[in-house]
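Presented sequentially are two complexes of chain A, the first with chain B as partner and the second with chain C.
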Partner chain A sequence: MKKKRVIPVLLHKEGWLVQSKNFSEYKRLGNAQKAVQRLSEWDSDELIYLDISKTESYTTHRSDTAAPEYDDLSDLLREVSKVARMPITIGGGIKTLYDIEVRLRAGADKISLNRAAIADPSLISSASREFGRQCIVVSIDYDEYGTERHLRVNNKNGTIGNPRSTLDWLLKVEELGAGEILLNSASRDGMKSGYDISFLAKVSEALNIPVIACGGAGKWEHLAEVLTETNVDAVAAANIFHFQDQSVYLARRYLASKGLPVRPPSIQTKKRIN
Partner chain B sequence: MDYGSGNVASVKNSFDRLGVENFVSNEVLDILKASHLVLPGVGAFKASMEKIEKKLPIDVLRAQVLLGKPLLGICVGMQVFAESGFEFEIHPGLNLIPGSEVIELPTKVPKPHVGWDSIEIQKSHPILNNIDNGADFYFVHSYFVSKIEDSSLIASCDYGVKFPAVLANNNLIGVQFHPEKSQNNGDTLLQNFVELIA
Partner chain C sequence: MIYCEKCVYPMTAAQLEITDGICSACRSAERLISITKEEWSHREEIFGDLVKSLASENGSNYDCLIPVSGGKDSFYQAHLMTEKYNLKPLLVTYHGNNYLPEGDFNRDLMRHAFDADHLVFGPSVSTLKKLNRVGFKVMGDMNWHAHCGINTYPIQIAMMMKIPMVIWGETFWDISGMFSPDDFVEFSARTRHEHALRGYEWYDLIGQEGLVEKDFMWAKYPDDQEILNAGVRGLCIGNYFNWDPNVQTEIIREKYGWKGSDKEFQRTYRKMSNLDDRYENGAHDLLKFIKFGYGRGSDHASKDIRTGYMTREEGIEMVRKYDHVVSDDLDYWLKYVEMSEEEFWSTADTFRDPRVWWIKNGEWWKDNIWGGSSAYGRVHLTDEQMQKYLREGS
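Moving on, here comes the complex of A and B:
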């Protein structure tokens, strides 16, 4: 039987892993490779790695952290994929088919399109045709206004409000050939108040492609709530997985105890890199 | 074997972690020299076949398979063993398994089939040594290989339809899932593969 996936999200900003709140406040968490190694040891189902850097710098310019430095995103991907025994979806800064190819070659299994797909929706279909729709994830951020869900369009200088309906865009994205949707409520980003259940239920009924729910996880019960009350295929979260040892293991153990169809929790006890 | 597509790096990383000597190449001499061959894959059937035709010495590969060298096809790397594929449009495959076709999963299930799913072992085979019936592997695909001989079906997976998860035809091994992304179960399978004797 196919299992529901539990997916940690790592946010990367100019050489650092960061924690995000409301898409506007960022706190530095540490080194990418160590975090990926930990998630791999906890037999994470998958990993979503989003690069939200505003510059092309992948070095922390710090010599006192003893952390590896990276020349560019490919270099970083090559290094983290060495320690990742699970699929990696990489997002951020992808504008062309070449950008996709570079990331897949460096070790990504799937790529996530966001802003570029909004600017040029045909990128979704050409990418799907070239690489297979299964490796094209479209990441969609939205804001909640009462019962409305407005698509959020991020641009280089910050964000601009856009009153387009998120559901309309979701249906369009599916039609264009996306393989999966990463659906993220920006309003719930870092709020720990639970997922946007009613909208996720609606979307997961309306779409035939898998939906990954993101935004709002504050406790394991929130993950269970999504998997119980909606038809989403996967539940993703960032912050909740970064501050507790063996978090991914504990999450799956909790969900399994509630009778939810997740992969049995397991853990590796290999020596860590330093 | 490197044909410009595929998750070559991930497969290489897995063999490196297992301590298996390996190299990535599309050169004739390397293909002749290797004890085992791996055809990785991520992508659409036609795009992958076009790259394979352009980058790999197919006749040499075919001859090596006939001579009994073990070949592991992963995901699309397995699908191209088929006679023809029907993703986007019909396109011929390598035809290493004559009569087989690559067709789409049924419309009643969400596609792609992505994530961890269990396999049902149909037949004992050394490629599944130390792997339990019902073991989870990581899948990501919308198409599958159909019309293979029952004798080649080693393990199946059920997702709207029962499809081959593992097939074996003499020295030809194909897996629809990604062993390089399937943690312990995947590592065990890759180890089993390198222990197959030509």
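Moving on, here comes the complex of A and C:
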């Protein structure tokens, strides 16, 4: 049976790795490279790295730590790739084919499009033609209103709800040539209340391309729920992987103990961190 | 400079994120305060279950390990584990040779007060002196050794003796709001490495001042596989119990005879914090002011504003009174490590954050939270080093 992937998501904001809640509250955790190294050592299946910065800043302004400072996104990606032994998807701030090329060159294995694809859907098809379908992930944020799922569209003043149906957009994205979908419930971001199971079940039946579920993980049982009750290909989460050491190992150990088809947990410490 | 509108933290405070005027530490504290009595008792139940699952099953080992300095938090941790849970702890102390006399008294009182086994470990004093100097020069922190010792040695012992439960006190969210009370964050190698140790490990310091690997046996952190094999987990009781230092201090004073400081610190109004380390409220913290423009006055006032012991206006007065003070322990430290005052300032000045400090007429200037800006002493840099601190029009 095909293995289901467990994917940590790292959120990068103005030089810092952050936790996010409700797409509006942020907590600074530290340095990207160290986090990626740890996720690598815990043998993560993949990594999704999203840059949610509002300004282009890649420094923490700390003269008193060993944490590296980066000049720009490419610089950061190159450094991060050095310690990563799993495929990386990079997202955030991608508007053109050139932006994609820059990221792939700097070490990304896949890229994820979000806002730019909503503004200009043809970007999905041209990116897919240019770089291959397998490396184009379309990331979709939506809000839950009762049984409705509204696609989240950002405007100048921040974020507003948009009554556009998320499912319609998903089907269109698939048709345009997306290789994979990262489906994130903004309503559950940082809430620890569990994933949007019913919608994920519906989407994973309706689409032929792989779906990565995201939003709402508060305990390992929530990850198990997604893999038991829906047909998604992968389950992703951000904050929860920062709360405990060896978190990715512990997550897969739990899922494996429930008989779910994940890769067995393992530790891949090449260079000791002690 | 941008300050949090609720507390007195500037945006340059370590790890702080200010969104819509309110800082991440205040947001975490707001959540903490909103936790109801019922929720606290639910949290206590969760902790009780964890303790049951992790304490020694057959009575053939210690039930838990408590890293202790002898401070108020240590006493409260030991109080909870022995009185409430009736467990047999092993107390472990990293002794960095920085104790104040009151701190010595409290540390040694623990063995008697809790009738507990207590292991006290300290590196040789010559190694410590070297590490004081190296830490200061490399990262502007003479107490790197202490952060490393406290966050490493107890885990080594837990591993060696296969004690799966290590009981820590407060969580990190209290200081910078890195985490929320809902995260139930546990001790991690990454937080240890990045924040406690500032990203520097023992092997980064080899060769400086003649330091060799043999000097660092206590500084080596176990790897993941070893930790998993021994099943060691570090729990913060701040996640499970309502943590109010002002209340807890009274409990341990009355019940165990813990002693606060008789005299005022020069850099804060609090008398009950950091007695285990003469520099934590002094020269070590002065360096934080030098680097980022805020100190213990800001730290303690911000905490007390959040818990309602102080208004923001009163807090600002504490900042004005304490943050910039050059305390006497600096002289003590300079003698301890045989360093001149000139060398101290010319090194310390290189760590200043240009978002905070600028140079005008050979003096350091910064904005004040009470408005305007002031000079805070002579500049000890070369002309070339000064360049990045010169602002247009100044």
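As a working rule, the second predicted complex is superposed on the first by the 267 of 274 C-alpha atoms of A that agree within 3 Å, B and C clash if a C-alpha of one lies under 4 Å from a C-alpha of the other, contacts with A are read in each partner's own complex, and residues count from 1 in each chain.
Going forward, contacts are C-beta pairs under 8 Å (C-beta built on N, C-alpha and C of every residue); 3 or more make two chains touch, one makes a residue touch a chain.
Since this is a predicted model, take the numbers as computed values, not measurements.
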| item | value |
| --- | --- |
| Contacts of A:29 with chain B and chain C, given as first, second, both or neither | second |
| Chain B versus chain C as contact partner of A:42, first or second or both or neither | second |
| Partner chain in contact with A:131 - chain B first, chain C second, else both or neither | first |
| Touching partner for A:3 - first (chain B), second (chain C), both, neither | first |
| Partner chain(s) touched by A:249 [first = chain B, second = chain C, both, neither] | second |
| Overlapping contact positions on chain A, where the chain C interface meets the chain B interface | none |
| Parts of chain A lying in touch with chain B, wherever the complex brings them together | 1-5, 43, 45-46, 78, 81-82, 84-87, 104-107, 109-110, 128-135, 179-180, 207-210, 233-234, 263-264, 266, 268 |
| Residues of chain C that touch chain A when the two form their complex | 12, 14-17, 19, 24, 27-28, 139-141, 173, 176-180, 182-191, 193-195, 198-201, 204, 220-225, 227-228, 291, 350-353, 355 |
| Complex contacts: residues of chain B adjacent to chain A | 5, 7-10, 13-14, 16-17, 42-44, 47, 76, 87-88, 110-118, 136, 138, 140-142, 158-159, 178, 181, 183-184, 186-187 |
| Chain C contact footprint on chain A (complex, rising order) | 16, 18-19, 21, 24-31, 34-35, 38, 41-42, 61-67, 192, 239, 242-246, 249, 267, 269, 272-274 |
